[in-house]
Amino acid sequence: MKSFILTLSCPDQPGIVAAITQKLAEQTFNIVDSQQYSAPETGQYFMRIGFDGDTTCARVQDLLADTASHFDMTLQVDDAAARPRVLILLSKFDHCLIDLIYRQQVGSLKMEIAGIASNHETGLHWAEDAGLTYHTLGGREAKVDNEAKLDALIAHEKIDMVILARYMQVLTPEFVARHSGRIINIHHSFLPSFKGAEPYSQAHKRGVKIIGATAHFVTADLDEGPIITQGVEPVRHDMDVASFIDVGRDTERRTLARAVRLLTERRVFLNGNKTVVFE
Amino acid sequence: MKSFILTLSCPDQPGIVAAITQKLAEQTFNIVDSQQYSAPETGQYFMRIGFDGDTTCARVQDLLADTASHFDMTLQVDDAAARPRVLILLSKFDHCLIDLIYRQQVGSLKMEIAGIASNHETGLHWAEDAGLTYHTLGGREAKVDNEAKLDALIAHEKIDMVILARYMQVLTPEFVARHSGRIINIHHSFLPSFKGAEPYSQAHKRGVKIIGATAHFVTADLDEGPIITQGVEPVRHDMDVASFIDVGRDTERRTLARAVRLLTERRVFLNGNKTVVFE
Amino acid sequence: MKSFILTLSCPDQPGIVAAITQKLAEQTFNIVDSQQYSAPETGQYFMRIGFDGDTTCARVQDLLADTASHFDMTLQVDDAAARPRVLILLSKFDHCLIDLIYRQQVGSLKMEIAGIASNHETGLHWAEDAGLTYHTLGGREAKVDNEAKLDALIAHEKIDMVILARYMQVLTPEFVARHSGRIINIHHSFLPSFKGAEPYSQAHKRGVKIIGATAHFVTADLDEGPIITQGVEPVRHDMDVASFIDVGRDTERRTLARAVRLLTERRVFLNGNKTVVFE
Amino acid sequence: MKSFILTLSCPDQPGIVAAITQKLAEQTFNIVDSQQYSAPETGQYFMRIGFDGDTTCARVQDLLADTASHFDMTLQVDDAAARPRVLILLSKFDHCLIDLIYRQQVGSLKMEIAGIASNHETGLHWAEDAGLTYHTLGGREAKVDNEAKLDALIAHEKIDMVILARYMQVLTPEFVARHSGRIINIHHSFLPSFKGAEPYSQAHKRGVKIIGATAHFVTADLDEGPIITQGVEPVRHDMDVASFIDVGRDTERRTLARAVRLLTERRVFLNGNKTVVFE
């Protein structure tokens, strides 16, 4: 007996759940967990089912092929024990990288870190320490080369998810389009407040009493991607920008880790410019 | 087309979801929302399904009768628009009562307040103001009479849920047993810390830095009932017990309101001495 | 023996604390609580001292007059038991009004509600119920008359603080200037996100995962006033705008009440376009 | 010009602030930050003053010696830039250790890690990696030797604070007494709930909806020491004990780091079995 996760989305219509669960029941698969949501704005239906059975992903895909086709479904079956392969990008700040590595090591994040890429050396030590490959990228002027290198890495390493863990370079719309739905970013503000550069300085200047971080899918439109999760922390008048950055480090790593966990557990769906998150 | 909520629990086994959803699909009912959980400790399976259809609760109950019997289910079908009838009990403190009334009035809590009962007069004004019947109870020495009066009220008013909104009298085990799973309480501490009397004084004495409130089902074992939801609030060294009580008032009413909302939406299941809450 | 609160601000320079506390010590006043802050951006110094003594506000003002003049201080002495007189403005939504009245009644907010003014009738019942005077304002077209009426009220009732408790009319820059530092507003978003109209709709459309409320001083520049305090609440993909509004109601009233408490306790200072809050 | 932190406690009486600040003013020291609190239960007065001046700690101690003696003060002057020397103890779980090291390295926690001691090898790698000395302790049976070794270390390394970062051995009352007020612990529950062993299992069994962590001073009475700060995190019915532990790891390291920061900034005072924390 193995555990599987079935995720699907399709235009909403009657009979979806029955069609799927009927097929699973015929094989005496046991559904242990399920969530679904019908989005009024987009008319899309989203479902996540956890089930146990003596089978394989490929066989379940086959089993459901006709149903998926009939309902025009995007349907995926994953081994619940399978670990998505991730590529972590960072620039100078390493707190998110360190945290992701640690959470992976203690089994809190069930993923394989297939590589780390950066235009700085800050993360190198941590990569080596964890036995991970560190790919060096060029600076702003090397964008074309960088993205070619990343494309090759993603293909070669069969990357499921690219995590921008404080990667400070803007990706080209073309690159983003090629890997649509597979790149996430941690923005160091409570979006849509303080888009763009130096959000902590902006927040400090505005005199807010709470700061935050936002994990979101990366789209061509900077800081406008679908939000996965957000975190906040109170701040006080006697804190300077450096204190905001210090407090924010914690919020960022926690918020990014939560987003990564949700994604590795296949709990996140794109729904137009928003997300459906089954927690 | 009307909306319904189907809730069920039964011993876990393969085929439950398929059996149920198949029946719903045959009638072209449309499932809009569903959650389920299989509890390892008790071996119980819990499911909540929201669906739309041109039918009635009774007809759905009939439709599923054989399945329910086959799987040994406790199964209930409710009109999603139906409003549970509640009886609110309080003693001297009226903040939870006022909040429940207001939330009911603005449509935040979808319930009918079928009556208010108290051994104090504090709530009378608010009851009258809202056009609600106020039943006067006796003090500690009148426990037998009080509970007889409450039994009659519950029967006569077809009460679905009794809310102890800071009712400071201990109910007898017999009364609790008669209305098992239908009485909830707000305890003014973060249980299991500070059971019993004057939890804010206890918390102040211990020097905690966070206080809380706990909404739970009432069982014969005082302050030991299954927890539905909890709320917390930070406190500081320069706050006295009165300040704890003041801050706590907010936490209590918010935590109780959240529990009542979860219950009116049929999101809460008893699972041994714990609860399953589908949020 | 009575309790007093001394608040002051002035250009930062050595000797301020000593000068003040020396004068208080000479009278054998006992300092029970004090906080101070020197703001690097503005060069301003802020201090709040709670002390006990057998004296009067006027006598302390006299006692400190030379010091205040020497250091170019804005200095105020208040009887700690004195209750600021507030005027509450609202439009259609009454949840903040009801909450402010209740908190005043149970002693949680130490203020006198000197009047309520509104361009709607929603709050009338609550005002009458609490024995408070309800002043009816005209709509958008009557702005000149409304503000004249408010000016008269503020003067006649010796209003210390005007609370916009979901008052949906924009005040003129002239009115705001006349009562600078004495008008606060609750904005139903986590500013600076979602300025302007219908912030919950904006938040819903953007797909944020946390919503908020912001209590701030009102300035001529709409939604740009100095922030006093902010509150947040998580939201989910399956909540519609109405649910955001429902959840937000709670956050708004809690955030506004916190701001009012801070102000009635003289814990808030204006520091350029920001605030210093001694909590 | 250097920055200093003056902390003191003494029996409450009039004139304390004036006496101290007068002395500071005579030297044209500039007070930039100050907080004070008079505790009604113990009659003790607590003060923390941050000031700038062209002087040394010893000279300020001298300057205030008479005043300190007159008011029976426990008074300490620290260079604001001085970094307390800490000794970190752990057993098997290394998440708090790693976090403390990282926060120290990025400058978030201003302390010197003078050594790490453990009865397990888990932390060894991290110590070596950070260039820190790792002292190996024996197991339960070697308590006498362990404490002798720790006593020597504390003396030799001039340790200001011992941090039990998930050290699972109970210290003897004698050891605790010898280092009273200088040992802090992170307990992995929201005290006073779930004292003793395996608090996450206890919490899971009780079915709580929020778990927590508590940083407290260590006293002879286990899990009863004065609480410095507490942190909480929501949990759900579908989380097992391992998930509680996983979520808790985050709460523990964050709560411990907050306590350590408060202590390194001299913001924490013992007040009987409670703490005064100037945040």
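The chains carry the letters A, B, C and D, assigned in the order they are written, with residues numbered from 1 in each.
We take it that contacts are C-beta pairs under 8 Å (C-beta built on N, C-alpha and C of every residue); 3 or more make two chains touch, one makes a residue touch a chain.
Remember, predicted model here, so these are calculated numbers, not experimental data.
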Option reproducing the contacts of A-D, where over half of them reappear, out of A-C, B-C or B-D: B-C
Chain whose Cα centroid lies at the greatest distance from that of chain A: C
Distance between chain centroids, defined by C-alpha means - chain A, chain C (Å): 41
Rounded Å distance, chain C centre to chain D centre (Cα mean): 36
Multi-chain contact sites of chain D, meaning residues that touch two or more partners: 33, 37, 236, 238, 279
Complex interface listing, chain A residues touching chain C: 37, 39-40, 190-194, 206-210, 212, 226-230, 232, 236-238, 240, 271, 273-277, 279
Parts of chain D lying in touch with chain C, wherever the complex brings them together: 12-19, 21-22, 24-26, 28-38
List of chain A residues in touch with chain D within their complex: 33, 95, 98, 102, 106-108, 129, 236, 238, 246, 249-250, 254, 279
